[in-house]
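See structure below.
Which chain is which? They are A, B, C, D and E, in the order written, and residues in each are numbered from 1.
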Amino acid sequence: MITFEDVVKVYPGGTTAVDHLNLELPTGKITVLVGPSGCGKTTSLRMINRMVTPTSGRILVDGADVSQQNEARLRRSIGYVIQHAGLFPHRTVLDNVATVPVLLGQTRRAAREAALGLLERVGLSAEFAKRYPAQLSGGQQQRVGVARALAADPPIMLMDEPFSAVDPVVRAQLQAEFLRLQQDLGKTIAMVTHDIDEAIKLGDHVAVFRTGGRLAQFATPRELLAEPADDFVASFVGRDRGLRSLSFDSAAELPVRPVDGIDLDDSGRPLGLPGVFTKDDSLRVVTDLVISSPGGIAVRVGPDGAADGLVSHHDLADYLASRRS
Amino acid sequence: MIQYLTNNHVIVWQALQEHLYLALLPILFGFAIALPLGYLAVRFTWLYHPLINTFGVLYSIPSLALFVFLPVILGTKVLSPVNVVVALTIYTVALLARTVADGLRAVDPVVVQAATAMGYRRTRRLVDVELPIALPVILAGLRVATVSNISLVSVGSLIGIGGLGQLFTRGFQLFYLEPILIGVILSVVLAGIADLIIVLVQRAVTPWTRAA
Amino acid sequence: GTNSDPLADEPAASGAAGGSVTVGSANFPESQLLAEIYSQALEAKGVKVTRKFNIGAREVYLKALQDGSISLLPEYNGALLAALSPNGIPAGVSSSDTVLAELKKVLPSGTEVLAQSTAEDKDTLTVSADTAAKNNLKSIEDLKAVAPTLVAGGGPEFTERQQGLKGLKEVYGVEFKEYKPLDPGGPLTVNALKDGDIQVANLFSTDSSIVTNKFVTLADPKNLFTSQNVIPLIRSEANNATVTGALDAVSGKLTTENLTSYLAQVQVDKKDIAVVAKAFLSENGLG
Amino acid sequence: MNFSYLTDPAHWDPSNPGSIPNLILSHLGYTALALLIGAVIALPVGLYIGHTGKGSFIAINAGNAGRSLPTLGLLMLMVTLLGLGLLPVLIALTVLVIPPILTSAYAGMRNLDHRVVDAARGMGMRPWQVLSRVELPMALPIMLSGFRNAALQVVATATVAAAVGLGGLGRLLIDGLAVNDYSRVLAGAIVVAALAVLVDLFLALIQRLIVSPGLKGS
Amino acid sequence: MITFEDVVKVYPGGTTAVDHLNLELPTGKITVLVGPSGCGKTTSLRMINRMVTPTSGRILVDGADVSQQNEARLRRSIGYVIQHAGLFPHRTVLDNVATVPVLLGQTRRAAREAALGLLERVGLSAEFAKRYPAQLSGGQQQRVGVARALAADPPIMLMDEPFSAVDPVVRAQLQAEFLRLQQDLGKTIAMVTHDIDEAIKLGDHVAVFRTGGRLAQFATPRELLAEPADDFVASFVGRDRGLRSLSFDSAAELPVRPVDGIDLDDSGRPLGLPGVFTKDDSLRVVTDLVISSPGGIAVRVGPDGAADGLVSHHDLADYLASRRS
């Protein structure tokens, strides 16, 4: 657990970057810091590994004040991923990833071997190992950055806009991979982004900062969508809040009618529809289907792809109403 | 030293004038030659390396040797200042052609494209957009060339050509510190002033570089 | 000048009444002093003078004279003769007059020499008092036995000249262990001799440092170093009655003794050449 | 003017102290010594200024101030003050090489991508590790190009040593000039230029070997 | 009107950037070119002003083949805005904007005066006129880029990812301004983006390219959402297609019930609701309200802010169904 205790940071120029911050980032979870530009996200992150020294207040990692710990040793136990990856241009991909283990005293050979495994983990085959960062695309560089931060298997990871340098498609891909990885690894992660969608998608918790370095809300993504603390958070979270909050609601319990009046093929799969849903989908998908399908209905399919139920827009409205009460 | 100066102010003054003219004339010629050469090296990329390498070799010919040979090659008189002017012009071109090319190459291609898309024709684009943007780099090169020329002219004194170097040899033959010291100081001051002038010109003509 | 050069700042030829002369000199102080004396003497007679001193060795400044870069030089008759005689100086030519006569035969066309002075400045081989005592050296002949153990030094040109290493070998059979190219009768050579870096130096007889450092000049019984009277060498087109008159007057007053003492003012007292030249002229009633 | 001096085998006989190979050796000796001393003085200063940003003004202007010192005058001044010997020559040549080495060390450090340095610190590298493992390797291309520049200049300029009675390839120039032997002067010029090119190629090779391929083209 | 007639562009390296493109960009409208990275959007754009020469095929502007026109003159009649603005760093903001008019022969003074007006139009006050581009923020630079392209009042504007260099908030602001501007000016605009949301928001028409430089679909944004031509377009357009297509449908015709069972203040304004809608809003807003409001209803307000109607989720479902039939 990472604890901010009444932390203030005023830069020499006089800017108050962080203003009396109290925050707990739970162990094994992803906490996303989000907020407008210049609101102190990066500063907060960098105080955890002592790249920035707080003006007042304390930061504890598992109860121990970071300011009491050896700087270099602390940093080696915390993975740090920055925007544009900050890879060492003069080292191969493999040696970039092996950096911290070597610093920690591992032999180069052992560190490289482990690095190879890590590269695979982030979706880069061995053929990339010998390349230099300049020979990689932006998305590939980001993966190497993540692998490098993971190399010493640190319990904590700090990630500063790790996916912002890549185009939307690659970004979605990286996000998905990252979530899969975290499911295996269960690190305590503090991540900065200025993209609210990313925060909602990745965070177990989201800390919304407002300009001036103050915390506006700390909540789960669901709470954030359902109950933004104030107008600032509401406007920051943006439109379609209702629909987006349905992402967290499974369609598993949604009652369905028997399949009727729908064209099916020989194996029972529906024909001529813009889309279908399964029990694993969210109510968001169902909502969109009832709006966009020509008949105002959504068809549910089983694991074999055969239609096994049907929901009308009215059914959905009833179900949502029933859940509220 | 003061006494030496009062006794010899005519000689020192003359040496200073000669020095100035022997150093600055090549800068003018060199700059005039380097501009088109540098441009060509950018325009025709295959020219860049041959050009830079050729001038690299020319640059490594000792100045003394060049001063001696030029009369043979050019048919000039042994003591003619033309020899020094031509030799230093070669060094200046060697230095500046490269900086001009590098400066032009460093112009953001996006800006060049923007200019093209606005309907600039090649020559006008060069004059209006590319050259001004490359100016800080080019002027930095000009500073180097000017200052090194001013210190190089003195080598001419080894073959009897005027300038402050005459004070060096004069003092050296008599094992006499004053003229050498005066020569060195004047040469450095001259270089400093020339450098300062270029810096001031640069500030005046590239105001945007100070807008951060 | 015949090959006119637009950038050469002075035409060598004369147009004005007194004419105009470009005076050159070699790269050692005595030559510059003499050139300055010539210059001031000419200026006193209304001749327009341009100075291009300190040109270099004879090989270089003769070239400058020939291409018209300069039009007047102080020269030494023997050395000049040696330089202009590709096959060496004919036997028996060593007195001032025979040298002058011989010299006039070989002068490049378009140049002439004026009256020579009695002032002489010969090449010498000079050693330190110590070396002289230790090896019992009085004359160049004495060197023959010990030369292979000694290092000599002087101007770089000395290596190639007849009145230099070549002649030493031919006439005296002297060959040094090594020859260090330093400067022609300049401070490098003097200091090297003083510090023992070299044991034998090629200095000029008028050099005051020989006396001040108690160096020993070796005798030249076989007259390898010929007579070396100071003599103006001039391009004919720059010469006229005014010029000849002025320079002849200077040559008439120059003696080995007064040249040595005026040169000492330059070399030892560090007086400026222009000042010393002016003193020479005024003290000899020429200025 | 011809190549006879260069082609005469006698001038290549190593047992003759004035032969070309020996002149090359002493020439390279002056060059290497001057570069070494210059690097020892200028590198730490340039790196320090570049690293801390303190005294940038000095670093930027040291370059031009140093270049403005006429080497010949400095040399003659030093000989007049200190007497004959290697020391004055080394001083003059060292003054020549310090500016390019210093300014390029400075520029190399200044132009570092601060994000990469930040990442290195964030990984727990200690200051000297950041310097030796990240900053220096990244600054190397610019630093070496300054060093090559210095080498080129000093090879060409070491010829002035002969003007004060020392050895090196300048002897061919000064002596050749004194005796009006243009073939010898030509030999000197050619050998010096060739030596400069070879030294540059050699340094380019070193650069190839020690600069990470990841930094190529940047 | 800009017409692509069977245009092919193969780069010297052998890449086919544009493959048999036939396209008409209507006069006075915004046509957005969208597609994955490297699909030939920029290439297509740059063939219009002859920055790139087609390998085969023709491009006509108002019926005239561009390849027959004087290159420089053609370009001066076409405004071009590029990513990162491509401003001249050595000229003040004012002189940047005045560039083309001066090229066209206007006096510097007249051009500057006009430029000042243009700067105001893109939301930059006169105080910016004397600054250099380096002294502007990214968003301000983009505005100057747009002003510069508009300066000669060209009938055609080409815009290559004009808003991509700025953060999402500024971006939205620029987009809104741009739409307002276009309403006044009515230029023929070809714009490239790789952001489908931007395409839908700004485009009168959208041309979706697929990798390999082929046109996948040319349609209005609404058609694109409702009927993507194939799976590639559908996946490119992304999720919430149904909801997003409701952006184009006004809530003006939506029948409402009398206001009942809602807390109102003295002036008749509703209390304690996450939001309300007006006749000017789209059905997208209404949908989100019925999902997110606690009672499953959306309240309509008049111009004075007083509630004047009420819609339930079922009402909405009925209305959508009635519109379909």
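The rule is short, and it goes like this: a contact is a pair of C-beta atoms (placed from the backbone, for glycine too) under 8 Å apart; a residue touches a chain by one contact, two chains touch by 3 or more.
All figures in this text were calculated on a predicted structure; none of them were measured in a lab.
Engineer: By label order, what chains touch subunit A and subunit B together?
Structural biologist: Common neighbours, subunit A/subunit B: D, E.
Engineer: Counting only C-beta pairs in contact, which pair of chains has the most of them?
Structural biologist: That would be the chain pair B-D.
Engineer: Just how far, in Å, is the C-alpha centre of subunit E from the one of subunit A?
Structural biologist: Using C-alpha averages as centres, the distance is 29 Å.
Engineer: Using Cα averages as centroids, what's the distance between subunit C and subunit D in whole Å?
Structural biologist: Measuring from centre to centre gives 39 Å for this pair.
Engineer: Measuring centre to centre with CA averages, how many angstrom lie between subunit B and subunit D?
Structural biologist: The mean C-alpha positions of subunit B and subunit D differ by 20 Å.
Engineer: Using mean CA coordinates as chain centres, what's the gap between subunit A and subunit D in Å?
Structural biologist: Those two chain centres are 54 Å apart.
Engineer: Which residues of subunit C are in contact with two or more other chains?
Structural biologist: In subunit C, residues 56, 60, 63, 183, 191 touch at least two other chains, as defined above.
Engineer: Check each residue of subunit B and list the ones that touch at least two other chains.
Structural biologist: Within subunit B, the residues that touch at least two other chains are 157-159, 169, 172, 175-176.
Engineer: Can you identify all of the chain pairs that touch?
Structural biologist: All touching pairs, sorted by chain label, are A-D, A-E, B-C, B-D, B-E, C-D.
Engineer: How about subunit A: which of its residues touch subunit D in the complex?
Structural biologist: 46, 49, 51, 71-78, 80, 82-92, 99-100, 103, 132-134, 158
Engineer: Which bits of subunit C are touching subunit D when the two form their complex?
Structural biologist: 56-57, 59-60, 63, 155-157, 159-161, 178, 180-184, 188, 191-192, 195, 197
Engineer: So in the complex, the part of subunit E that touches subunit A is made up of which residues?
Structural biologist: Counting only subunit E, the residues touching subunit A are 36-37, 167-169, 194-195, 226, 234, 239-243, 245-246, 274, 284-285, 287-296, 312-314, 316-317, 320-321, 324.
Engineer: Note which residues of subunit B are touching subunit D in the complex, please.
Structural biologist: 56-57, 59-66, 68-69, 72, 143-144, 147-148, 150-152, 154-155, 157-159, 164-165, 167-169, 171-172, 175-177, 180-181, 183-184, 187-188, 191-192, 195
Engineer: Contact residues on subunit B for subunit C in the complex?
Structural biologist: Spelled out, the residues of subunit B in touch with subunit C are 4, 7-8, 11, 75-82, 85, 157-160, 162, 166, 169-170, 172-176.
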